[in-house]
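The block underneath contains the structure these notes are about, expressed in structure tokens.
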Amino acid sequence: MSHNTFGHLFRVTTWGESHGPALGALVDGCPPGLPLSEADIQPFLDRRRPGQSRFTTQRREPDQVRILSGTYEGRTTGTPISLLIENTDQRSKDYNQVAASFRPGHADLVYTQKYGLRDPRGGGRSSARETAARVAAGAIARIVLGPEITIRGALTQIGPHGIERARWDWSGVDDNPFFCPDRAMVPVWEGYLDTIRKAGSSVGAIVDVEATGLPAGWGAPLYGKLDAEIAAAMMSINAVKAVEIGAGFAAAALTGEQNADEILPGPQGSGLNKVEYASNHAGGILGGISTGQPVTLRFAVKPTSSILTPMRSITADGLPTTLATKGRHDPCVGIRAVPVGEAMLACVLADHKLRHRAQTGL
Amino acid sequence: MSHNTFGHLFRVTTWGESHGPALGALVDGCPPGLPLSEADIQPFLDRRRPGQSRFTTQRREPDQVRILSGTYEGRTTGTPISLLIENTDQRSKDYNQVAASFRPGHADLVYTQKYGLRDPRGGGRSSARETAARVAAGAIARIVLGPEITIRGALTQIGPHGIERARWDWSGVDDNPFFCPDRAMVPVWEGYLDTIRKAGSSVGAIVDVEATGLPAGWGAPLYGKLDAEIAAAMMSINAVKAVEIGAGFAAAALTGEQNADEILPGPQGSGLNKVEYASNHAGGILGGISTGQPVTLRFAVKPTSSILTPMRSITADGLPTTLATKGRHDPCVGIRAVPVGEAMLACVLADHKLRHRAQTGL
Amino acid sequence: MSHNTFGHLFRVTTWGESHGPALGALVDGCPPGLPLSEADIQPFLDRRRPGQSRFTTQRREPDQVRILSGTYEGRTTGTPISLLIENTDQRSKDYNQVAASFRPGHADLVYTQKYGLRDPRGGGRSSARETAARVAAGAIARIVLGPEITIRGALTQIGPHGIERARWDWSGVDDNPFFCPDRAMVPVWEGYLDTIRKAGSSVGAIVDVEATGLPAGWGAPLYGKLDAEIAAAMMSINAVKAVEIGAGFAAAALTGEQNADEILPGPQGSGLNKVEYASNHAGGILGGISTGQPVTLRFAVKPTSSILTPMRSITADGLPTTLATKGRHDPCVGIRAVPVGEAMLACVLADHKLRHRAQTGL
Amino acid sequence: MSHNTFGHLFRVTTWGESHGPALGALVDGCPPGLPLSEADIQPFLDRRRPGQSRFTTQRREPDQVRILSGTYEGRTTGTPISLLIENTDQRSKDYNQVAASFRPGHADLVYTQKYGLRDPRGGGRSSARETAARVAAGAIARIVLGPEITIRGALTQIGPHGIERARWDWSGVDDNPFFCPDRAMVPVWEGYLDTIRKAGSSVGAIVDVEATGLPAGWGAPLYGKLDAEIAAAMMSINAVKAVEIGAGFAAAALTGEQNADEILPGPQGSGLNKVEYASNHAGGILGGISTGQPVTLRFAVKPTSSILTPMRSITADGLPTTLATKGRHDPCVGIRAVPVGEAMLACVLADHKLRHRAQTGL
């Protein structure tokens, strides 16, 4: 049991605090012989990096990753891969007030209640900065999965403004600062988020992620279910409060006839491994096992807790106070959760690829 | 890594198929000295047992649990507790057709794709019958948690009919066949579900579960988060497709001000461990750690996939066919998911109680 | 983390007390499609069964195993395999005195110190009876390993009487009540052990186990080493106090030249996977990974602690007493450790076969 | 399951290759609030450091450890502690020949067989250099254990020359380059090892380690036994081929009367937790659980495989060759295994301290 490890065979352990000297991920169980260098990881970190638009925190970190072990001459060796990202823009003084009282919505108080102390610099371990390590590990997971499997995500709702799914266009996702797949929604979000940002407020969001190209058969009954581990992966991301797969909550209102994904024969001679389905309410997973259809999921990210409006809280001595959070923050932390959600899905799938191979030899 | 184990220190491994000779749970890591006999477990099994109203499957199983190890003179000894429930009403012949083709929405096809074979009798391992073992284990988890902690659940939506939360009354939950906390909704559901049942159809549902009385500090960053493991626990229940904690998906539409749970001092002299909150959008968990407020969650259960309406599918040879599922089934499997959700939450919390104790000595 | 589980991918959890209603093993992670019925397991249990000669305990148990889950029509399904062995010859009254004081050399006192209570009937969980569950699980592990791999053990020392290794003959091991590979030693042991037995005494022993036919490459640096896990497996057997692999302790006295296993090319064209070695001081394992040579190990079993000579001890109240253990006991518990050691080695290797496949696809 | 992790609740994952940029350990599960800085770790690294006498490898590494996470203002925070040690004296060119063929006794060939490639620089991951990370982690484990528990080791045999146990003197262990507890043996070893060293040969050794001050009750039946995990820990150290606890292999030759550790009442009024024993053949562990007596163990280290005498081997192409290993090596790698054995025992005990606390609250 490890508090800071994710995965069983493809195992990722992250470490590091927001304002310590560095943070990192240790990836154990990666198969040998895969091509891997920093250049395979950096683009994903760049995509998550803060300070790229006015809609994300103005903290500026180059987030340069170094591989300290586990490769030789550009290939993985099967030994643990240690990834290091130095923290360079720490400004600890911004956070001095944080030590004196507990920010509502943050983990400040529960860490203190649990551990008797905490690292107050930038939220310490509970900072969203930790997700850089996840994204780095996710880049390795993609290599394990290989080119057949595509994992991609998009932001589909900011505050009350949800996209129009009929306008979904994957090709536009990286052309706007929101990872928005609906071009028509971009200006709406810009206007709305400018208002939120200028008010020192924040707002929640919904992220969609999907994986295509994976075969039928990954996952396992009953506690190592693919969907159970996806749910844990997404809920482990900072500020995520809900996750659904396929039809999700909407399935509650459906009848069996409406929810059924009818099974159709695959191409002539393809046997049972290439069947088709008339729909995908299941989100690509039945009985905890992949069907071969796209794995589709959504998760909700709560609004950033750091806001300018003073909120009631207590001091380190338990006395009442009010607290307005200054410093640099994302008005909608959900935006940068898109590459993080992709990375976590990649890690779950890489793990299950190896687990499937262990049990079945396939 | 175990496919069939849940938990880290309070570990539950379930085994058994729907129509094998028996099923069971093996509970390892239970603290010693706790009072435990079959009489502590049976009431929870009775609550989940099928055949108690016309709205659940007519399979009749006494579901008598036997404790085969781990206790002596009515107390736990710290050694593994083996729980056995014999299957008595198996009627395997009902399921002979099942082997010849794959039921849409069931795990029939993916099991075959993964394992190359499957136990077709009643869905084998993927049958909801396995949840009896979870409920038995959950009864032990409640003893580990002790009387301070109350875990209870309710059905809050069937198909399109959601309860009125203002009418919530825990005292009525066990007085109707639905675990419905809104007495006014009971006749509506009865009428609606009779229609569904008579049509050989089925419908989805939403279950709410809460835990009260737990202290602040349980859980851990960042992958052993209390909420991440709750999400996995709920998503591991058959037919569950979504889970949310606290405000859940609704948090996406809120601003930081709306979503904030302001912190208030606790009773005079109670220090940091008895603080209060002005609201509970967090659902009792921040940063993966319990706040001491009630842990609140909801999950969606898809409609039972077994319906009388013929659906397109394929045969074991990959040829097209249509399939109408006869046999005994729940028109709304979500009803019996209520005690299962409670049991899973109890197991997660018992595990985290021990984990918290390990790391902090508290 | 589980106290009662062994293995990572091929996972065995045993449960049950000496004098409870039953004991068993739960095997999770077994690959699907393997032929398995009770008849594959029973012969190994029969080989370990007590009461087969005057040199083992006179407790008489049929030790009939039942498979309660995880198979269908004689094949494994990939779901957990639950094995049940009922206890039929319990005679709890023999053990009434045991509750009142603590037998030296047994786990009576430490269980009480740890758990605050214990099951005194026949040693409860710490009884060597638990090894029946290991042997049953080991029979499944052998099926996972397949016919290429042979695992066999022998008793090589009883008290001061060690075998002559030059006379080693595997074909005779099952022809005597000691699993002795040196026919000339059998009458010596018979005479010696009769003396021990009649004196109500006991004596230690050494067991050798080997596995042949496994490929190079199983195992992993650095904490999942094949030898580290073999050491844990053997040391987890009741009464085992030492384990060595290959040259073992003798390697301490050797020079690098003496200990070197020179590498020789394999058959023409066989490449790196069929190399040969001029010797096998390594016991088939280097750097935690199998070399393809036989895996060879030895372990020491202490004398049975239950002896007729009164020994000083304390009562449940902490007062001094003397204690002579009556009841039925093995004068040399090491004899029946032979099939147990084989079973544990089979389990370790089956686990590593799956782990190797997970990481490398081979 | 992790190949490179040791422990369950106090978890140590090491990473890094002999000649990569750095190596390290990631310690997860450390309780919060413990005093910890680099100064608590460095002395143990210095004790293990090579190049301190002519009897260890002349590689010169400062082995300076940095703590990158998990502490704040000199105290542990409960989050993962990342330890980094840079490699500064790498001389990769020394090892160019290594890539072309496989050194007998090393892991070169099995790594290649398993992974299809290897890092040939200094043995890569299988280098004894990795033990620096273990020693660093062990220093943290000692802090978890607290001052009541003392862990110390000594070298007790080099080649054929074993110490005289009657002359054992802990106070002299750090006064000689061998960690030898028998002053009279030091000149004998010096002369013997000079001969070995000058001949370019090497020799095996035996290390004794003990822990005193631990309470009764740590450990657990049956696969999480304290002795099983100690055996795995020691056997996971490079070049270790055997391990024994208490009387070890000698127990095989004893009768039950000789091996018995009689139990005596503790001081008046101390109850069951302060009992005494007339002897300690058990090595402080019964039934997998600590008795409160000293935990005593021994392990055998094979001779360093790198020797000047040419040995037969094969090339990377599978062709026969002979190989004499040049470069810097320990003539007796067992010497530096002393602090490593201590560190591993500290890690096992720290883990079991937390596990005991989890299950019993003590």
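Lettered A, B, C and D in written order, each chain numbered from 1.
Convention: contacts are C-beta pairs under 8 Å (C-beta built on N, C-alpha and C of every residue); 3 or more make two chains touch, one makes a residue touch a chain.
All values reported here derive from a predicted model rather than from experimental measurement.
Shared contact partners of subunit A and subunit B, listed by label: C, D. Most remote chain with respect to subunit D, judged by CA-atom centres, is B.
Centroids of subunit B and subunit C (each the mean of its C-alpha atoms) stand 39 Å apart. For this pair, subunit C with subunit D, the centres built from the Cα atoms lie 26 Å apart. Rounded to whole angstrom, the centroid-to-centroid distance between subunit A and subunit C, based on C-alpha atoms, equals 45 Å.
Shared interface positions of subunit C, i.e. residues touching 2 or more other chains, are given as 1-5, 8-9, 14, 29, 32, 78-79, 111, 114-116, 125, 220-221, 355, 359-360. Interface of subunit A with subunit C (complex): residues 1, 9, 29, 31-32, 78-79, 220-221, 354-355, 357-361. The part of subunit D that touches subunit A in the complex is made up of residues 1-5, 8-9, 11, 13-17, 20-24, 26, 28-29, 32-33, 66, 68-70, 72, 75, 77-82, 111, 114-121, 124-125. Listed in rising order, the residues of subunit A touching subunit B in the complex are 1-6, 8-9, 14, 102, 104-107, 109-116, 125-126, 130, 157, 159-160, 196, 201-206, 216-225, 227-236, 238, 241-266, 270-273, 275, 278, 281-283, 286-292, 300-307, 309, 311-314, 318-320, 334, 355-356, 359-360.
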